[in-house]
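Quick one: the structure is below, and I'll ask about it shortly.
Each chain gets a letter, A, B, C and D, in the order it is written, and its residues are counted from 1.
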Amino acid sequence: MSILIDQDTRLLVQGITGNEGLFHTRQMAAYGTNIVAGVTPGKGGEWVLDGKIPVFDSVRLAVEATRANTSVIFVPARFATDAIFEAADAGIPLIVCITEGIPVQDMMCVRHYLDQKKCRLIGPNCPGVLSPGKCKVGIIPGDISIPGHVGIVSRSGTLTYEVLYALKLRHIGVSTCVGIGGDPISGTNFIDVLSMFEEDPHTEQVVLIGEIGGTDEERAAEFIATRMTKPVVAFIAGQTAPPGKRMGHAGAIVEGGSGLAQDKIRALQEAGVKVARHPEEIPDLLPV
Amino acid sequence: MKLHEYQSKQIFSRYGIPIPRGKVASTAQEARQIAEELGVMVVVKAQVLVGGRGKAGGIRLAKDPIEAEEIAAKILAMQIKDLPVRKVLIDEAASIHSEIYLGITNDRAARRPVIMASSAGGVDIEEVARTTPERIIKVHIDPLLGLRDYQARDLAAGIDLPREHWRNFIAVAHGLWKTYTECDATLAEINPLVLTTENRLLALDGKMIIDDNALFRHPEFSEMRDLDVEAPAEVEARKYGLSYVKLDGDIGCMVNGAGLAMATMDILKLFGGNPANFLDIGGGANAERVAAALRILLSDPNVRTVLLNVFGGITRCDEVAHGIVNAMKEVKPKVPMIVRLVGTNAEEGRRILADAQMITAETLVEAAQKAVAAARGGLG
Amino acid sequence: MSILIDQDTRLLVQGITGNEGLFHTRQMAAYGTNIVAGVTPGKGGEWVLDGKIPVFDSVRLAVEATRANTSVIFVPARFATDAIFEAADAGIPLIVCITEGIPVQDMMCVRHYLDQKKCRLIGPNCPGVLSPGKCKVGIIPGDISIPGHVGIVSRSGTLTYEVLYALKLRHIGVSTCVGIGGDPISGTNFIDVLSMFEEDPHTEQVVLIGEIGGTDEERAAEFIATRMTKPVVAFIAGQTAPPGKRMGHAGAIVEGGSGLAQDKIRALQEAGVKVARHPEEIPDLLPV
Amino acid sequence: MKLHEYQSKQIFSRYGIPIPRGKVASTAQEARQIAEELGVMVVVKAQVLVGGRGKAGGIRLAKDPIEAEEIAAKILAMQIKDLPVRKVLIDEAASIHSEIYLGITNDRAARRPVIMASSAGGVDIEEVARTTPERIIKVHIDPLLGLRDYQARDLAAGIDLPREHWRNFIAVAHGLWKTYTECDATLAEINPLVLTTENRLLALDGKMIIDDNALFRHPEFSEMRDLDVEAPAEVEARKYGLSYVKLDGDIGCMVNGAGLAMATMDILKLFGGNPANFLDIGGGANAERVAAALRILLSDPNVRTVLLNVFGGITRCDEVAHGIVNAMKEVKPKVPMIVRLVGTNAEEGRRILADAQMITAETLVEAAQKAVAAARGGLG
């Protein structure tokens, strides 16, 4: 088993005819993801991937025609907010937004709106979700991870790939890897994913990869201490990051003394979480 | 991006928030002219994007145009916390009865905007938050509904503002909300909002930070950017779509991915090294991009060695290696280069780089150790 | 028993120091309504009704101090929208808005917002709610109705008083009378109140008083036909109203061939509702 | 209140919706000047707040300024459905490729705004709705979120607009949404929105209705009100805060409360009478208000009798009766007056009125029957 995505995922790709959208559609299809439709406004009626995937003008039309139940968004930042609303209004229950660079006020509105709907958003500014051997939604390389029982949740991209790859080298498999994204306001937070892993019978232990900025890791620590039975191993990036400077990700910034890596590490350790000193230490800390 | 006080206040004014009469000057002569036009006692204020201007002597009263000119000349010759003062704001001096803080920002944890007011205006609000948090009244705003009158009134009541000023305060709060939303600010702050002895509310000082992600909606702000506030290398990096932050150490870092870049800095520190920078070269890593990154990195004279850490995922490591080799030919660095490639086709990538006479590493730990040693002169 | 309000109602009056607010506060108190607080921004700390009712600056403060569970709004139209939001955000579960003249776009936002909260709004532009012998919230004269088992729901004011009075003269009592208001967008519609009456064990029959404009009566007819067991008698005002003209109430207008009294009467009759030809006929149509 | 075409289009233009070049004229001479300025073939359009201008000859093409002057003179002399034409709009003539309907209004049942588009533009949209409803595409808008791009695009796709025009269409839809919300419109409609042979979208005709309840936010609209569209008595009534609608009958009605006023009209009809008006005198019913209402009511020469129907609730009937008596002294009506008072202190009220030599009634049925009889000359 896995969380969020699996063999029943019927994927819609928003922005399918763009460079990035098309490239990753090909990758996802090659991985075995069931991609049922694409959307590019103005290109409805076309087909991509050698005529295998129909393109629609709108999400509503795509859902009506293909019963898509998950959407992944590759459209540019200035159109991505609208793409999220469109998917949500079309009744798609799971939206994965890869796009980086969405204004934070847009995301506050999006999050507020989605909280009132039965709709989960992963991201934005995230690598997506991978359930090894079953389904890949997003851009996480498929060949760096094998199926197994470790759940991974991360605010990062390549750092997560590192961890997946390090686990694979040690023959440790993954149930699902969820990239929740590096923006200050995300559709899904650590706690949301941790509680899914806690309930997923096939996930036995969890790796949490956090970074400076915000207090999401601290709240995750509290959740782990009070509500989780499965062991959690963590890594927090950015101990050497200076305050007041954005470290690549829009959300990775220490502001007003808040968001320090040290505080997050301490909170996690106090919650009984083993915190790795560097990414390659993670496999060693996982209980056998 | 941060806006200067004078820019923020001009924007406030556009949204109906009363500000003092005033103008910005680049020379002492201009300052004198403005003071003459205003015809009253003025304040000369250094326009630099850094706190503590007052303590540094960057804000001074001038009783007449001649004194304004003298003071402006002095302030325009200053550097405040390493930043040159290129402009001064000449504002009419206000007669202050009391000082209020009023600000709107994004509350990440609550995922909503929050408006904050305090009767302890005019001082560092983060200091107030630390020492007397009860003096800050906070109200969260529904982003779809916007600020409601009653919320602004609750703030006014919360800071014990005399009732006769509630109506004006509510108007200022609405103006600030409009400023915040329509400008895509992540911070819009009036500190202090003063109550003058003539019973007016006046935004005496203002601060705005604009969401960089929203600049595509606000081309007008691009022209307002003050490049002084950033290291020249950071400005240069932005041109290439690279994310670069200068640090104090001697090991230059080039990494694909922000999280991995931070983790790389951290592991250097863990093994006794000191990273010279944060640098995310993003996905792909073609020769042009790598070359630009290398140039920027090497422009820092402190850099004694360079660590390249690239995870090959969608992009294969052999492609990345070719990109690196080509970039090296162009830039020709004179310091030792440690390269770690991992992921898809890593072995082939490492072989290509070995031919190019670079030091390669397999694990992150190995790479960090080699880089630390190289920086100490023990390698290369 | 009654619906919406009774002896447990702890009433807050928004706009209590205004002429109308103060007058009706006196009337409601005289009727026996438990008025626990008033709100007039800027007059917090004062007392009204001979020092019996404290005035607060905000609804939040009033609720904290008095545990008010119902609010009635008498503030002028340009401030009424904000007053509704304030009451809803303070967690008041029942808001009765008497104010006439609120812009319709404001009401669309209000209704949309309240639909996502556990908050019921009666009105605006309504006479309020009366549970004879128990509680009065609003401006319905208290002495024109006696306690009993007829539930009344109406879009009108004085026309409702007529009906209450006509029933009283025949010694027919009322469980609760709800004025839902004459605006195009109301917080509460016929169906909401009909379903409450259907569930209220002390209401045995229902009088529905409608008027031209909109299709709320038609939807009520469908509800009555499919979901109600209690007998309903109706009266629809405005058979002689010309199209395209607003008849006093903002919502009383026949537009584009929709909202005709004849259509409403037909729909109700087809749903098995006895429709009175004039208000004085209503008591005759009620089953004994 | 309804706005004229030229007013609506000026507002559209302010919100970025393209409209034809043009100007409004009050005289034929002005029309000629405008046509000269435009320098192209023009359309002369009667500005009256009523449908069917085209069929009545109120919209005509003019090939040159001289013809524009002639046509304007003729149209300015017209009455269209009893309304005088006081202004004409002189617009440059457009070369029309196709006509679209685009409108936003309040959907009462859905309690949300609805935006509608149809490829059957240029004709009566209510007629389209009746005969070929599938040709109208409707999308409901979340009032807190506003119109989304994708919704506008869905409309464009729904009416089979060629894709190259989608972007412009979306911009027009956003402009119309802004018009609708910022002006507190209950209807904002472009009909037709034409696609010209030069591939431009152009709002050729426009209609707006502003929410009367929201006029306090829009003082600018008060000056735009066209009083021609209302009977003078209705204008007069509004001054006194009375709600009056003129009808065709001969029994004048004065009632407190809108619902009761309609019920009173209905019962007159039920007993064979014909109401002359709807008139709600509201709560209170003091002498001044009652007098104003009486004067307005009696200004209608058709009125042969007056029925006063007042329910005394909070206001006691004896007070109302005194108010009536005083009003009668001032106005001195010459037609029979039937008065029905019911509710609190009704008996005392009736006694006061009986002294004043008015016909009283106890029940609504009795009052209606007496009024019908009086109108037929059988009473008084």
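Everything below uses one rule, namely that a contact is a pair of C-beta atoms (placed from the backbone, for glycine too) under 8 Å apart; a residue touches a chain by one contact, two chains touch by 3 or more.
A quick note: this is a predicted structure, and the numbers were derived from the prediction, not measured.
Student: Compute the centre of every chain as the mean of its C-alpha atoms, then state which one is farthest from the centre of chain C.
Tutor: B
Student: For chain A versus chain B, what separation do you get between their C-alpha means, in angstrom?
Tutor: 28
Student: Find the geometric centre of each of chain A and chain C from their Cα atoms only, then give the gap between the two centres in Å, rounded to an integer.
Tutor: That gives a centre separation of 49 Å.
Student: Roughly how far is chain B from chain C, going centre to centre by Cα mean, in whole Å?
Tutor: 54
Student: Going through chain B residue by residue, note those that touch at least 2 other chains and give them in order.
Tutor: Residues 144-145.
Student: Give me the residue numbers in chain C that touch at least two other chains, ranges are fine.
Tutor: Correct list: 109, 113.
Student: Among line, ring, star, complete and other, which one matches the pattern of chain touches?
Tutor: Chain contacts: none of line, ring, star or complete; other.
Student: Dump the list of chain pairs that touch, please.
Tutor: Touching chain pairs, listed by label, come out as A-B, A-D, B-C, B-D, C-D.
Student: Can you tell me which positions in chain C touch chain B when the two form their complex?
Tutor: 41-42, 44, 57-60, 79, 82-83, 85-86, 89, 109, 113
Student: Under the touch definition given earlier, write down the residues of chain A that touch chain B in their complex.
Tutor: 23-24, 27, 77-78, 101-106, 108-109, 111-113, 139-141, 143-144, 154-162, 165, 182, 184-185, 209, 211-216, 219, 235, 237-242, 245-252, 256-257, 261, 277-280
Student: Quick one: which bits of chain D touch chain B in the complex? Just the residue numbers, please.
Tutor: Residue list for chain D touching chain B: 144-145.
Student: Enumerate the contact residues on chain D facing chain A in the complex.
Tutor: 145, 148-150, 153-154, 157, 163, 166
Student: Report the residues of chain D in contact with chain C in the complex, numbered from low to high.
Tutor: Residues of chain D touching chain C: 106, 108-109, 111-113, 126, 129-130, 142-144, 181, 184, 186, 211-214, 216-217, 243, 245, 247, 255-263, 265-270, 275, 278, 280, 311, 313-314, 342-344, 363-365, 368.
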